[in-house]
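Chain nomenclature is as follows: A, B, C and D, assigned in order of appearance, with residue numbering initiated at 1 for each chain independently.
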Amino acid sequence: MNLKTKSFRSVVKNYKAVFFDAFGVLKNHKGLIPGIEKTFDYLDEKGIKYYLLTNDSSRSPEALARWYQDRGIMQVTTDKILSSGMLAMEFFKAKVANGNAVAYLGTESSAHYIETAGLLTVAVKNIDLDNIDHIESFAFLDDEGFNWNEDINKTINLLRKKNMTVVVANTDINYPVSKNDISVAVGSLADMVENIIGKNFIRFGKPDAQMFLLAFERALQDINVKRSEILMVGDTLYTDIIGGNKFGLDTVLVLSGNTLPDMAHIRISSSGIIPTYVCESAVVE
Amino acid sequence: MNLKTKSFRSVVKNYKAVFFDAFGVLKNHKGLIPGIEKTFDYLDEKGIKYYLLTNDSSRSPEALARWYQDRGIMQVTTDKILSSGMLAMEFFKAKVANGNAVAYLGTESSAHYIETAGLLTVAVKNIDLDNIDHIESFAFLDDEGFNWNEDINKTINLLRKKNMTVVVANTDINYPVSKNDISVAVGSLADMVENIIGKNFIRFGKPDAQMFLLAFERALQDINVKRSEILMVGDTLYTDIIGGNKFGLDTVLVLSGNTLPDMAHIRISSSGIIPTYVCESAVVE
Amino acid sequence: MNLKTKSFRSVVKNYKAVFFDAFGVLKNHKGLIPGIEKTFDYLDEKGIKYYLLTNDSSRSPEALARWYQDRGIMQVTTDKILSSGMLAMEFFKAKVANGNAVAYLGTESSAHYIETAGLLTVAVKNIDLDNIDHIESFAFLDDEGFNWNEDINKTINLLRKKNMTVVVANTDINYPVSKNDISVAVGSLADMVENIIGKNFIRFGKPDAQMFLLAFERALQDINVKRSEILMVGDTLYTDIIGGNKFGLDTVLVLSGNTLPDMAHIRISSSGIIPTYVCESAVVE
Amino acid sequence: MNLKTKSFRSVVKNYKAVFFDAFGVLKNHKGLIPGIEKTFDYLDEKGIKYYLLTNDSSRSPEALARWYQDRGIMQVTTDKILSSGMLAMEFFKAKVANGNAVAYLGTESSAHYIETAGLLTVAVKNIDLDNIDHIESFAFLDDEGFNWNEDINKTINLLRKKNMTVVVANTDINYPVSKNDISVAVGSLADMVENIIGKNFIRFGKPDAQMFLLAFERALQDINVKRSEILMVGDTLYTDIIGGNKFGLDTVLVLSGNTLPDMAHIRISSSGIIPTYVCESAVVE
């Protein structure tokens, strides 16, 4: 292990494709990471492909891409986005019978994306617990859009009344909302419910291999590439780096997000999660 | 292990004192367990002392006792009540400096009881996160009395800003609200927060020895008794029975609450938690 | 959910490929499941492809295949075998620098397979803790082949001295050794070590998506197949069934192994893991 | 929180009694902490009582006391020793029927102490699994004295064959054997077995209240003392300090053992476990 940081340019130039984590790498609570537009220009110039892997089921890939385009990075198109919400949507498409419904906790817009699979969705608040025959599956989509006290308790009693497959479409336990403050993510709400009812939920999101597989399959549609030719770039050891390592990718830990420069050495040593490289940020100077 | 049930009368008559769990033993969602008044009459007649051990920090011992008296069981006086809330109150009394405050999640009435220790309390919703010097400790008291989404997130950011001792005054993860339905208890909310911020909370409540010690010390004020002369009566293997066993008491599992008759044998076998006796209920016929 | 069991023939005939768990499905502690040879003949006749997915890193795919051939099932050739040990071997091949060594707990034969990747291996018992510069990674391969007390303690101190990536090549926590008895699997030893040193190991094996991906990629070399056209057959809800469900496969729970007929309904209800079908066994009558 | 360390003398002089953790406070892998004899002389001179609380079930209180006396500290007599093994012994005395046996993992000498309760003990290696009617309970006593591979597997199959109460007489997960090296403690072996068989063991040792209660009851035999007049001195936040805090004692973290001076501030902040004082060591200069 060598904690001497390298320039991102010197690292990325040796790969055919890059997988980026979004928050802490490309953006933060204030907006785009300053200068990150130069990275996309550099990658385009070199012919290096790029994809964004994000634990997000609150918005569709279209909406996620639009955020970058609205800020002038036109290269981040929908086909570059791979989200845990997409895995959830694919799951329900394969597993839920025609005419049946997926109950959910989240915003209406998080459910709209599931509906593009041709499924019905029903918000927990709109469920009649005495009439649940048509509800076949359950999704934790977003931490907003519902009354936590009422609807979490209603969810628990729904899942006790009827045995059904439960999907957690974002495994993160919290997310940053400002420089110092965080907020409970839907993954934590799902953990609490799972612990109370004692059942086993299906979780989608980094560090799970299925997120990396989704992005790898997408990359293979664009270029002929081996895993060893792909670089995973992230700010979080426990999701981006261990997941990338395990999937057989080389990994870069950037110090522009969750892992701060003065703690990086201690975090790597105490976690045992060792990135291939450490860079100050993903900005190509 | 013998799952042939015994009559409660034949068991209890051999002890000098009884520790009762409340919910599922003396009462349920409808009110008193039918016939339970006969049990108190029988114990009085035989001179057997009794105490109620309850994981409850939502009400004062006075309020807990009044519930029984309002239903005609005048023998359940305040001095018979031992609650996890009392342990929390004692803790803050010993540990919080004069003039400082305990922040809390719960109802106002749950906080009033803490204030009888001479402490200030402040509800999370009333905290100004830029002015927290006087807040020295934190208490999870009740699952009601606050906005879950707003105030749980505010709690997390308070505990990230200032390192303080956190007390969970009720370790239960859920509680019954009707024949079929349950509700998230404050213990589950505390588990979620603890997992997100990665700190270690102090928990009070069965099966922890401190609850049994509190009741044992109370009993010693009334009579000269050894642990082997006390019977713990409960409906939950994971709190009442394992806690009683470990503290050196004999234990009765009653089948009038959480552990249903047809599952008792499987639950005992699969948990490895073995009560001394199994009785249909705590009613003395 | 429908617990009426179906005949395996009526289920499997609708798929292009089958993924079989081995233990409890094709074999048990006595040898082959009686009649299972008819299943392979039937699949060949129908042109349905089959693959074996096994959490096993104690033997090479060649040795695993030979076991079936020695018992007359010549169709189980090396290319039909997908093991968690193969994932570990691929990982080290990609991640360990030339000339460096992988330290391991396991038998010599379990290490030989890793060496086919061109790597050096060194058993923990042969390590000099004062000379570990050449050791770059660590593997938990098998629960046999070493002195548990001495070598587990030595492993802990090795991993405390030098930060390195640790791979658990079999996530199972135990395995059956006779009708009634089980033995600790290397996955449990790894869990214990991980808990003591507080680091994060990389695990390979069902239910993780990477095992299913390995088999899916192998199947794609043989036929053009979609996930929805593949059937996963297993005896364990927590590995085979939840893993198959999540990867988008249809699943069969067979009652010839870990999940006994009289407990299947309770296990499915209490776990929330719902197979697409339940069959008595994988034998085609 | 104030990390300015105080002199131990200035802190301890305000208390009527002191509870000492042993390892890291009074002794280390080399022997006595240099100068610690002056602490005992000072406490005697001031009339402050002292007791040793140790998670140790490998030796009797007599043997534990003799270790100090052999090194010249004659004041540490048997009655000053409170060990988790004593709690296990008391438990079996109360709970195991006459004539029945306690099976155990550990050394013969660890079992001898249990036998002073008038019980039979039988080492796992001497058990005939076809003849276990007389075995009523199980104890994890020590990590030595048996073949880990054979006897841990035998333990698992014994506990699967017969449902019995299992006691873990030392909850520590590891212990130091030299300046840099540690060894797996019996608590870790018990955790592994518990996880495999899915049952609930009874654990004795700090931070559990029962250890502090045992010492408090012993102190009450010597002097009239309140909890607020007792000081707990330890080197480990997760056992000594959180346990002492919760029991209502004031606490001192010493930096002569597990918690090193340069990490103390980070450990306290990240754990949320806040000692009343921090001292370099327990030596009274």
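Everything that follows uses one rule, which is that contacts are C-beta pairs under 8 Å (C-beta built on N, C-alpha and C of every residue); 3 or more make two chains touch, one makes a residue touch a chain.
Computed from a predicted structure; not experimentally measured.
With contact taken as defined at the outset, there is no chain that touches chain A as well as chain C. Common neighbours of chain B and chain D under the contact rule above are absent. Averaging C-alpha coordinates per chain and comparing to chain D, the farthest chain turns out to be A. Per-chain Cα centroids separate chain C from chain D by 40 Å.
Note: centroid distance chain B to chain C, computed from Cα atoms, is 44 Å. The touch graph of the protein chains shown is a ring with every node of degree two. The full set of touching chain pairs reads A-B, A-C, B-D, C-D. Looking at the complex, you find that chain D touches chain B at residues 1, 90-91, 94-95, 159, 163-166, 197-202, 208-210, 213, 227-228, 238, 242, 245-248, 268-274. Residues of chain C that touch chain D in their complex: 143-144, 147-149, 152-153, 156-157, 160-161, 173-174, 180-184, 188-189, 191-192, 195-196.
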